[in-house]
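Chain lettering (A, B, C and D) follows the sequence in which the chains are written, and residue indices restart at 1 in each chain.
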Amino acid sequence: MTMDLSVRIGSLELKNPVMTASGTFGYGEEYAEFLDLSRLGAVVVKGLSLLPKEGNPPPRIVETASGMLNAIGLQNIGIQRFIDEKIPFLRTYDTKVIVNFFGDSIDEYVAAAERLSSVEGIHGLEMNISCPNKQAGWCIFGTDPRVTAQVVSAVRKATPLPLIVKLSPNVTDISLMAKVAEEAGADALSVINTLTGMVIDIKTRKPKLANRTGGLSGPAIKPVAVRMVYEVFKAVKVPVIGMGGIMHPDDAIEFLLAGATAVAVGTANFVNPRATIDILDGIMAYMKDEKVEDINLLRGAAHAI
Amino acid sequence: MSRYFKAEIRENRPVHTVHNLLTLNVPLSMPEPRPGQFFMVEVNKGTDPLLKRAFSLFRKTAQGVQILYRIRGKGTEILKDMKEGSEIEVLGPLGTCYPLPSGDTIPLIIAGGIGIASVFSLVEQLSGRATVFYGARTKNDLLMHKELKGFAKEILVSTDDGSAGQKGTIADSLSAFLSRPQSPTPKYRIYACGPHPLLKIVSEIAREFKISANISMEEHMACGIGACLGCVVRTRDGYTRVCKEGPVFEAREIVW
Amino acid sequence: MTMDLSVRIGSLELKNPVMTASGTFGYGEEYAEFLDLSRLGAVVVKGLSLLPKEGNPPPRIVETASGMLNAIGLQNIGIQRFIDEKIPFLRTYDTKVIVNFFGDSIDEYVAAAERLSSVEGIHGLEMNISCPNKQAGWCIFGTDPRVTAQVVSAVRKATPLPLIVKLSPNVTDISLMAKVAEEAGADALSVINTLTGMVIDIKTRKPKLANRTGGLSGPAIKPVAVRMVYEVFKAVKVPVIGMGGIMHPDDAIEFLLAGATAVAVGTANFVNPRATIDILDGIMAYMKDEKVEDINLLRGAAHAI
Amino acid sequence: MSRYFKAEIRENRPVHTVHNLLTLNVPLSMPEPRPGQFFMVEVNKGTDPLLKRAFSLFRKTAQGVQILYRIRGKGTEILKDMKEGSEIEVLGPLGTCYPLPSGDTIPLIIAGGIGIASVFSLVEQLSGRATVFYGARTKNDLLMHKELKGFAKEILVSTDDGSAGQKGTIADSLSAFLSRPQSPTPKYRIYACGPHPLLKIVSEIAREFKISANISMEEHMACGIGACLGCVVRTRDGYTRVCKEGPVFEAREIVW
């Protein structure tokens, strides 16, 4: 049986739908010893900003039931160092490189997108809009539809690269946010970022994370993520990249059936550095068992009545 | 893939009320671990707990890699019940190691509590050269004391209650040791692992006496390989990863 | 050491802060063989409507990582049968009985609240606003602040009983919803109801629940619930009842430290029918260890800097 | 509290490729379980999987309560590795039981696959009176066949591939059995447990031949004691709980 695993994210063609989730795969090189990066559909790197960012004080991580909270605080080396130090390495692999980025203001988003757009070896951009918006008095770019529309439109004008907008799940109506991002020019949507959570230490009577709250990821959030992908798929025409708690091939397939065109593997990389490859192999085994010749036939199948 | 493998549990036995010694049969392709390095060890199959746990290299013997662990929370509770013969996933050896002292240097090795797990193999490798300051709450909490004697030049024990060695902390004992009038003053190098407050005091003592010190830091970890940025401590260069630039740091680098 | 465990929820005094979460403890009688109901601070019964409700087709339940989805569909025997058949039994216990209720329209909410207000043996009402609003075209009473204000105000006028409003976590800003409910007359707030989720069967390629989506409960959601209690505590003056994934005493204490006045135990009852009592005993042991003489001293302690 | 207790695992051994027999040492205060009833059994300590699993009473012997289970998913995978001597939490006996047939009635007992677990003790209790229709995929999938022979009047086996007994389904075999010309027609009562499609056909056959039938239903369960309303099936009275009003229902009550 011949099998077609390739999928399209806007103008970007991926050899298969397995990507890495930003912030869980470093800049790619950390995992190169454990797997062949060229087998991946795409590598999405840790979120970058124009200038380096120090991040939050530790502890930054706390485990929860079937999940973890992180409050890294978007620590990163900045776009320039990324271009100088990391891109040359990534260019030696036959995979698509997608750069996740963010800013504290619309101007910063635009400047970052512009800077990233002229670099050879960057194939697409993923905008993280789950970050505080300093201009609008610390609301979040990803939760107020008007602000979302503004920032996405501005970035859209600033880059010719395929633009993925990564949605925050901490909203009342994810379909609305998806439609807003689509209308503002997103070529694809990543669903979902982490859910905001907190753990308190009953001995010290203080939150365990220095930042108090953090983002919940891992298997615990998978049912919420699948539901959101399902809703977003109904609401928009652009492709959806599904993520949230994907540990095994079955989880990835659930997202495809819910409507995802591709999937991203996050927290699972920490548990099993070869998780992406195991998931890719498992998807292929499923397609063989189920006699599915083209992966695109699985997309949204759970919507049939 | 030699740093990610399945290891068979050779032995997993109590060595103390709440401490177990785990011996893992590791593949030949695994790089040789060095004192101060650590492993990320799978503690269960399901997703709760989710993450691997970091454990220092205790010793490498003909039997395999040994880990000395304290049964403390959810992960180690499950680990202690794992049967010999079962297989677990392991990532390692990871992180930095203790830099060996030059020939004319006297190594002073500080171990607070379970910190002994990290420095034991260093003492072993320095066969007979190291003076060890070993602190525990009570006599009963001194782990692997007998085994240690075979490798150390000298062991200065302190316990909180005085039930063995000096009553007090090893920091006091280190301070007293260094304050003895000696001439000429020998060249020392300090290596320390233990609770953060102890490491902080040791770092201050090292600075005071102008001795180079390497200390092993701990922070909550997710990936163990530098990807998540979860395990940072504050150093002069900003937030730095314990799993990659550490766990062994130059004491003077740490911003407390 | 003498210990004071009593807490106040509006004008209601509970002997201790341990309650049951609606829908997880039946009408109380199902658990009477396993524990002494008189030891509980309050029993909150399965959600009732004016008329009996049939609920959703099965499967109604599916397990997830450290949690479960349910889509019971609010099946219940209706208020009249509850009064006739269940209240007499509950009245034989020395505990507070809180009736959880809902309606498909504001009129139904009001009628239900009125009917429940004149019954001896009912000490308080808990409004479930996470249900579809037929009048306003199937939006949800609990996610649109204007609709929430309307329905809570209407019910407030209809009952002299202590009124608890149970908030949905599926919103962008839980503090806003909390403030709205407080202003509309709520005496207390229950935080949180379930998160909406979905699980897809990769063999049948259909959602596992007949209703497609369901409510996620259990340890998986605890970090989100603790965070929301923490936020709501900052936003309002009325007492907060914390719930979401409480399995053990430590979990309950986390909620108290986050700002809860009382806690409700839900999914844990399914795993351990004596969970409420084990949690109560564990809270008392903690207070003894930590020399806390009055449980109210723990409330919100995690907010100190 | 006699229906909620900790039980020691006496034995947990494979009886077939993917089937185990679990024997639990239960407290004396536990009510006597009756054929058709079930238990909610803890399968692990952590929170993943979270819920207890429902298992039918297979047999009650001097050794304790026995459960016959198929290793199918996450829960049973963990259960099969539980060691003898360890303790698990159990809730039960729960639910309704098979009503015994009057003296002049011939019991016809239908077991499809793992359905044997639920009816075995009924066959046992009816010592020698019951005609058992036992269906499985292949000869190899017939569980506890030898043990069953000691208690049944007669066993009519069907397998999908004909490797034992009749080739075909037990529904065919039941139908053929009832269609034989007999005079006077004896009084029968049907008891059935197995996959839903089988139960549906058996119910239709029972109606056709005007025979009372009791069938044991399955639905996903959370509490097992009637509190969550999670385990309903559609009956003439609307949605009804399998754990409380069932698992054994009058076949004519079920709306398929």
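Here is the rule we use: a residue touches a chain if its C-beta (ideal position, glycine included) is under 8 Å from a C-beta of that chain, and two chains touch if they have at least 3 such contacts.
These numbers come from a predicted model, not from an experiment.
For the interfaces A-B and A-D, the C-beta contact count is higher for A-B. Averaging Cα atoms per chain gives one point for each, and the point farthest from that of subunit A is the centre of D. Subunit A and subunit B have Cα centroids separated by 36 Å. Separating the centre of subunit A from that of subunit C, both taken as means of CA atoms, is a distance of 34 Å. Spacing of subunit B relative to subunit D, judged by their CA centroids, is 55 angstrom.
Rounded to a whole number, the gap between the C-alpha centres of subunit A and subunit D is 47 angstrom.
Residues of subunit C found to touch two or more other chains are 65-67, 218-219.
Multi-chain contact residues of subunit D (touching two or more other chains) are listed as 47-49. Under the stated contact rule, the graph of chain-to-chain touches is complete, every pair of chains being in contact. Touching subunit A in their complex are the following residues of subunit D: 47-48. Across the interface of their complex, subunit B is touched by residues 23-26, 30-31, 33-34, 46, 54-55, 57-63, 65-68, 70, 72, 75, 218-219, 247, 267, 269-274 of subunit A.
Listed in rising order, the residues of subunit A touching subunit C in the complex are 64-67, 69, 143, 170-173, 195-200, 202, 205-207, 212-214, 216, 218-224, 226-227, 230, 245, 250, 253-254, 257-258, 286, 298, 301-302, 304. For subunit D in complex with subunit B, the residues that touch the partner chain are 44-49, 74, 78.
By the touch criterion stated above, subunit B contacts subunit A in their complex at residues 1, 3-4, 42, 47-52, 89, 91, 219-234, 238-239.
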